[in-house]
Amino acid sequence: MDVKSILESFKKGELSADEAEKLLRMDYIDSIGDSVLFDSSRHLRTGIPEVVYANSKKPETVLEIVRKRDSGILLISKAKDEHLDLLEKGIPEIRIFRECGMAVKGEFPEKKKGRIGIITAGTSDIPIAMEAKLMAEAMGIECITFFDIGVAGLHRILEPMQKLIESHVSAIVVVAGMEGALPTVVSSLSPVPVIGVPTSTGYGYGGNGECALMSMLQSCSPGLSVVNIDNGIGAGATAALIAGNRSDVP
Amino acid sequence: MDVKSILESFKKGELSADEAEKLLRMDYIDSIGDSVLFDSSRHLRTGIPEVVYANSKKPETVLEIVRKRDSGILLISKAKDEHLDLLEKGIPEIRIFRECGMAVKGEFPEKKKGRIGIITAGTSDIPIAMEAKLMAEAMGIECITFFDIGVAGLHRILEPMQKLIESHVSAIVVVAGMEGALPTVVSSLSPVPVIGVPTSTGYGYGGNGECALMSMLQSCSPGLSVVNIDNGIGAGATAALIAGNRSDVP
Amino acid sequence: MDVKSILESFKKGELSADEAEKLLRMDYIDSIGDSVLFDSSRHLRTGIPEVVYANSKKPETVLEIVRKRDSGILLISKAKDEHLDLLEKGIPEIRIFRECGMAVKGEFPEKKKGRIGIITAGTSDIPIAMEAKLMAEAMGIECITFFDIGVAGLHRILEPMQKLIESHVSAIVVVAGMEGALPTVVSSLSPVPVIGVPTSTGYGYGGNGECALMSMLQSCSPGLSVVNIDNGIGAGATAALIAGNRSDVP
Amino acid sequence: MDVKSILESFKKGELSADEAEKLLRMDYIDSIGDSVLFDSSRHLRTGIPEVVYANSKKPETVLEIVRKRDSGILLISKAKDEHLDLLEKGIPEIRIFRECGMAVKGEFPEKKKGRIGIITAGTSDIPIAMEAKLMAEAMGIECITFFDIGVAGLHRILEPMQKLIESHVSAIVVVAGMEGALPTVVSSLSPVPVIGVPTSTGYGYGGNGECALMSMLQSCSPGLSVVNIDNGIGAGATAALIAGNRSDVP
Amino acid sequence: MDVKSILESFKKGELSADEAEKLLRMDYIDSIGDSVLFDSSRHLRTGIPEVVYANSKKPETVLEIVRKRDSGILLISKAKDEHLDLLEKGIPEIRIFRECGMAVKGEFPEKKKGRIGIITAGTSDIPIAMEAKLMAEAMGIECITFFDIGVAGLHRILEPMQKLIESHVSAIVVVAGMEGALPTVVSSLSPVPVIGVPTSTGYGYGGNGECALMSMLQSCSPGLSVVNIDNGIGAGATAALIAGNRSDVP
Amino acid sequence: MDVKSILESFKKGELSADEAEKLLRMDYIDSIGDSVLFDSSRHLRTGIPEVVYANSKKPETVLEIVRKRDSGILLISKAKDEHLDLLEKGIPEIRIFRECGMAVKGEFPEKKKGRIGIITAGTSDIPIAMEAKLMAEAMGIECITFFDIGVAGLHRILEPMQKLIESHVSAIVVVAGMEGALPTVVSSLSPVPVIGVPTSTGYGYGGNGECALMSMLQSCSPGLSVVNIDNGIGAGATAALIAGNRSDVP
Amino acid sequence: MDVKSILESFKKGELSADEAEKLLRMDYIDSIGDSVLFDSSRHLRTGIPEVVYANSKKPETVLEIVRKRDSGILLISKAKDEHLDLLEKGIPEIRIFRECGMAVKGEFPEKKKGRIGIITAGTSDIPIAMEAKLMAEAMGIECITFFDIGVAGLHRILEPMQKLIESHVSAIVVVAGMEGALPTVVSSLSPVPVIGVPTSTGYGYGGNGECALMSMLQSCSPGLSVVNIDNGIGAGATAALIAGNRSDVP
Amino acid sequence: MDVKSILESFKKGELSADEAEKLLRMDYIDSIGDSVLFDSSRHLRTGIPEVVYANSKKPETVLEIVRKRDSGILLISKAKDEHLDLLEKGIPEIRIFRECGMAVKGEFPEKKKGRIGIITAGTSDIPIAMEAKLMAEAMGIECITFFDIGVAGLHRILEPMQKLIESHVSAIVVVAGMEGALPTVVSSLSPVPVIGVPTSTGYGYGGNGECALMSMLQSCSPGLSVVNIDNGIGAGATAALIAGNRSDVP
């Protein structure tokens, strides 16, 4: 029962003033968050899909959550083989991406105009880059990827950068572990914002992504911002949000 | 002497093959970085101005650097009073912004179409927000600011958010110290990407910006990325880069 | 032999002054800690039961400890399956709570008047919330629980809060991992004290409960206090202590 | 114009359905946070006064904030001499507490029934204990204080504990730096909840409150919860909230 | 009134059973800590004097504490010039040791048989070594000192070691900052226990005593134990306690 | 050939001056470390046996090392079951102590006069206490042990302390994890030096021995020194060194 | 087509000015990184071979990478048994070094004149020393090794040092865990530069290589530089680079 | 009296066997460290001068140390103005280098054949580079310096690198703060070893040199080793040691 109906019923005397106020309050409570404050339509406007973080949940719990969800697109991330095995058995139509511990329920939306680039420094960074890619594609954004562009062969970044710029990407996700220098270099070459994703590779002092995160934050390159270690999902969402708003790219 | 001129002079016999090659090599060395690799024209295309980090330099050194620079726009950041005093005396046309420890030489460019929002959680976060604002304005981007929208009065964010969305901002910079929750909340309400700037306020465990940085990175809100503690300049540049590429906003 | 009996025996001449003093001294040593200093009757007055921390003990050791205890209520926490398996076999009357790694020997006491609320941010926080619930119930306190009230759907906290307030809870335990913002939000809504429990979820910088703990401590919300990461037992005891002293709730 | 008035005007035809809905929406937006979600009446019900954290603000800013506030009670905390000097000059009726860097505007409320205890381990912890005391008194709660009850003379805690228990305190705030063992000892003796406040005393490994905070969190004593290092205000508010709800103490 | 007097008065009828019990209980409470538990006579038996940690106290407070104390020996440590100046003025008989920020009230006791050695790695470590020396002398222990025996000239330790061994020291305090290797070397040469004191010298990674503390703890040399960074007092007390118990040295 | 023989042979003309000098130099090089500098006779005088740290070595390597050693006493510590299994098979006379991951080759020496006390806070600390005990016994020192004297039942320490003091122990090893308060309490009661051993129990902030180590170092109790986390061997050696030098105990 | 050929063709009219410029630009882009900037001929001149870090890669990926490489020498490091097993099966000519988790494809180059020394403190450090040895040998450098020269027997370093100096080594790699003191001692004895390699041995505070790294950096010994924890490869390369440039050693 | 003289005197009967042995032993003790073990002639062979670390010493102490030293070359580092002022007054011939807080007593030695390069990333790194330069020059090594070659203008390193390589430098010191990427880039371009010096510039997470140190250690570039934050002296000594041994450079 919406506001106008309540008003009408009240006018017609079908509702007392008290009853009308109570109903309006109920509508009010329902609406908080749903329509104004917490913007439940955010998904509709921005297309950021819901993501289930599987790692700290039991496979059965994840299966149950995924089963309940019957419309729209749903991503499952940081899933172990035991999660994926159960999902594969239980939900025939689900798509499994074992190389990055993910699963996707529902179809990807139509492609929007915007595009993003995704670059990794090494082979070990590819699973996190795949997270970013799936998230962005789930938001209707095309991804142009260049994997294994290490900083050791810094010159190898020239060609990818030219291709990305020619492709009119609106943002570039750069995934790197170890000393994490690649996002800074890419950012210094890029006319579009760069989102750095530190990965938990490397050992010794500064290993497990700490040095990579620190370097990206400490870097003086304006135009570079960062998400948490191994958070490919977040980087993909941010880049896709930048690209998804663009109607002015060819 | 550019490539074509060299070729012509060589054809005319004014240059020997050796001389021509040597000149081409020189052009080649000059060009590295300048035109291709390190993209010296980045500034021209993106409008990110050069920034002098004054804090670890002597006032005299900063003055000298600023004097040398005779075209374009130049920002001086994290300047102490002694830096600003000397600059004020030495360079009459410089504009001083004491409230955020900055100075600007040169005129701001014409305004582009894009706009950004800048929000602070508390009064103490305003100087860092001012850094972001000056950087963005130096890139031709209009800033709509809402200061002192603390998380304590979370509801106070409703109206600013509506105004920012109605103003078609392309990105929102959120500056917050202490527990740093505001960027997460703004991000959950925002259809555009949010750049969080942790500030070095707060005391005890997690003080000096550590908790704020950690919360922003740990937050699960997709669409939120982060710059280093107190790096208003970086956040302003990232947001302005997102906005500056937009030709499709009203 | 208590003080008066000693005095009487001394008066009657059954004890010499030396013997009387010696007996009084023995009573004295017995009493230290037992009746005055270390308050062995604390359990009786407050009803905080003894808790065996199983995790760093061998299953056999835990079984032996539990067997020895033949009166009152005893909780076993942070138990692995191997502990619970052995306890289940060895002590038929024990109650096993596998979902939170706990076991309980003895009956819960009669319910007191006081009540507490327990809220979790996510599914992964439920086992720690169960610790708090069992501890509080073992102290005679009724628990009203709302699980999986994530900060992402901040508006979902409205209804639980109203129900908790209407139920006259005397304290609210809030269990949260990741960025740990929920206790701050609950505290800002709550007329009763809130006890935050950070949980060791989350990955990357600030993972394993560090960010959650830091946020709760850094938060400026008065009325919020904190226990250690994953210490559901401690939070349950604190909340139950607050509630258990209340005789003025309906 | 409240909901009922709107309904009445609508019924009388003074408002169209659209106008009525619009007014209801406006009421709705006004109310969010103010009456339901963010509970602006929390202060009224709980009596937690607003606190201005002076340390990171300029004296002039603090003066301005305090001047604006013209009703109710307002606390200023972590103020330096320069803050207090200006406040003293500018606001004649303000009360200055230099020993703990605080100022209070407005009168303390009538005393409630509840009482709390405040104990410090050493002389250096007294300013933080004073913060807790002023906060609690500003919430109408009487404080019984015992300062300088160091753990070195552990036996010196016997008498204070007996007096606190006889005084029917509802909670005890324990302020301690260095190795921070006192709250654990007090908690093991106390039938009421204990709130530990680590202070930034001590030097070397674990100095500046880190060891004190860690010990309080690591302690296995159920019934002990903790606030951030040097956060006397938060501890006072939590203890006063526990005590303030009690109508059943003599 | 001691236990026997109470018993006698009771027998004589001067006290009722109730009065006698009450008096015995009072004696009991007085005694706790004083004679049994907390061993107030520890000082008498071990000769460890009380130490006032001046650093976090106001000069006036320190003066007041020192004045109150009218018997026995009292040490003031980590005192700044302002503390020492006031003490010098206010208490004519006090002895001031500015080079290590200490003051001593009262006479040193007669020398016991035991002796200890104190060695420093560098010049900067001497003030902390002086703390240890004064503490040990205040416990009646003679100290044989060798300052500035750096690890750089490792061979320079040969002679001091021979002299210490020939002097029958019962323990050796070794004070070292930077990489803190000296205590390990001394320990490997020493037939008596070594107490390492890390000092807060050094800069960069591991500076401020962190590396020194870590090295001493990580060292595999059996017979080496450690006190906190800059805690010369604690090391002196430990060494003096070892030496003070010895009646079997020449 | 010793110095005197060389001199004699030289005098007799059996050696030229050059040959004599060369032989003296050889003796000299042999002696460095062996007899003077590095005190290879330390073991003989102090009785500290060699310890093989098994944890980071392969079982085969440990077996080989132990086999080579054919005289004196040899301890193997931090051994896993696979190490102990192989040692048990390969060296029939070895004694295995599985409860603390140790093995001992060779006979313990005759008991000296000195004695030490060993106390643990909890059950989980017993293996580390056993390390200390075996090390001390391997140095001829009798150990009086009290296990599971937790700080929770602080009064339970009264009786053990009295027994230790009556037994004339020369030092007390106190093993504790979690918040690590027991060594401080024991030290405040003890007329002899206390060596604290933090253990890697506890979870959350300050877990794994960090809080215990910090508390012991931060504690202001003079007479308490500390070894590294879980280093029972080091504590046992230090305590035994203190006790082993005593000829004046009954 | 090189620069001169392009010039000639242009002169002959076989190329237009535009075509010539385009070809020159292509040469230019090809050259960047390849011949000038990123020095792809570094390997040729310095002989530092490529190293594949296996640990974070799947065995199949490593096999594929190694197979593709068909000339020169290739090292595989930090390989687990599963990597080595697959490499052994798939590439018959590969040499496997299980003791240090490495494999080598291709022949070692001819020995250069330069030599280096490699020393380890303990048995556990040998695998990391083997990494350094294989890397150096792959660069044509002979290695003289002394393993298990612990700091405990500091005098045992005399003879190795004399042999290394007599062998005219140009640099010494010193591998040490625990407290990491050996490189400092070696450096103080060495006329050539020392490269310290901390290893991840040791437990408790400062374990896992942290203390070793810190000590080596904090050490004041000039001539000592450091690589990351467990980075034997890096140390071997640095030492071999120093030695490989030497043509002046016998 | 040297060994041969002793032998002669003994042969002549001027010395008894006992006296001869005693004298030989004294020679023996004198020699330890001086001629064999601790290599006091290291300075002579390697030319590493002694360095007085002024920062933690009083000006008067530094003056006294410098005065005592009457031959050879002596460096004073990390000196404040108050140190330099006193040295300037007290020792007329001393050379003061205020820009890097150093002073030099004695003349630099003759130049050796070897040369090194020194590069800084920014202006703020110059004082630390000057430390390296003075140290190297004090060892007779010529330094070719390029200051302010920031990573932002990465291409600006091309020309300096070419010049350094053409100058046949034997090692390159690279000084950098912030994210510390420059040493990695230089190392990837360099045929000679690179020594990285992190500097304590930068703010926020990873500031004060932590990120720079971490990046240099985490970097995978073989041939790069590192000294502690701000340790220009150590880097200069290491580089000069590499260069000083070279007799094969033009």
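Chains here go by letter, A, B, C, D, E, F, G and H, matching the order in which they are written, and residues are numbered from 1 within each.
Going forward, a residue touches a chain if its C-beta (ideal position, glycine included) is under 8 Å from a C-beta of that chain, and two chains touch if they have at least 3 such contacts.
The structure displayed is predicted, hence computed values, not measured ones.
S.K.: Which chains are in contact with both chain C and chain F?
M.R.: D, E
S.K.: Which chain has its C-alpha centre farthest away from the C-alpha centre of chain A?
M.R.: Most distant chain from chain A: E.
S.K.: Taking each chain's centre as the mean of its CA atoms, how far is chain A from chain H in angstrom?
M.R.: Each chain reduced to its C-alpha mean, chain A and chain H end up 51 Å apart.
S.K.: Can you compute the centre-to-centre distance for chain D and chain G, using the mean CA position of each chain? Integer Å is fine.
M.R.: 60
S.K.: Using CA atom averages as chain centres, what separation in Å is found between chain B and chain H?
M.R.: Centres of chain B and chain H (C-alpha means) sit 39 Å apart.
S.K.: So which bits of chain H are touching at least two other chains?
M.R.: Counting only residues that touch two or more other chains, chain H contributes 29, 32, 36-38, 154-155, 158, 188, 204-206, 210, 213, 217-218, 220-221, 228-229, 231.
S.K.: What chain pairs are in touch here?
M.R.: Chains touch in the following pairs: A-B, A-C, A-D, A-G, A-H, B-C, B-D, B-G, B-H, C-D, C-E, C-F, D-E, D-F, E-F, E-G, E-H, F-G, F-H, G-H.
S.K.: If we count contacts the way the header does, which residues on chain F are in touch with chain H in the complex?
M.R.: 3-4, 7-8, 10-11, 17, 20-21, 24-25, 28-29, 31-32, 36-37
S.K.: Considering the complex alone, what residue numbers of chain B touch chain A?
M.R.: 36-39, 42, 45-46, 48, 51, 53, 135, 155, 158, 170-171, 188-193, 195, 213, 217-218, 220-229, 231, 233-238, 241-242, 245-248
S.K.: If you look only at chain F, which of its residues touch chain G in the complex?
M.R.: Contact set of chain F toward chain G: 29, 32-34, 37-38, 55-57, 61, 78, 198, 200, 209-210, 213, 228-231.
S.K.: Write out the stretch or stretches of chain B touching chain C in their complex.
M.R.: Where chain B meets chain C, its residues are 151-152, 154, 178-181, 184-185, 188, 202, 204-207, 210-221.
S.K.: Within their complex, state which residues of chain G touch chain F.
M.R.: 123-124, 153-156, 158, 201, 203-206
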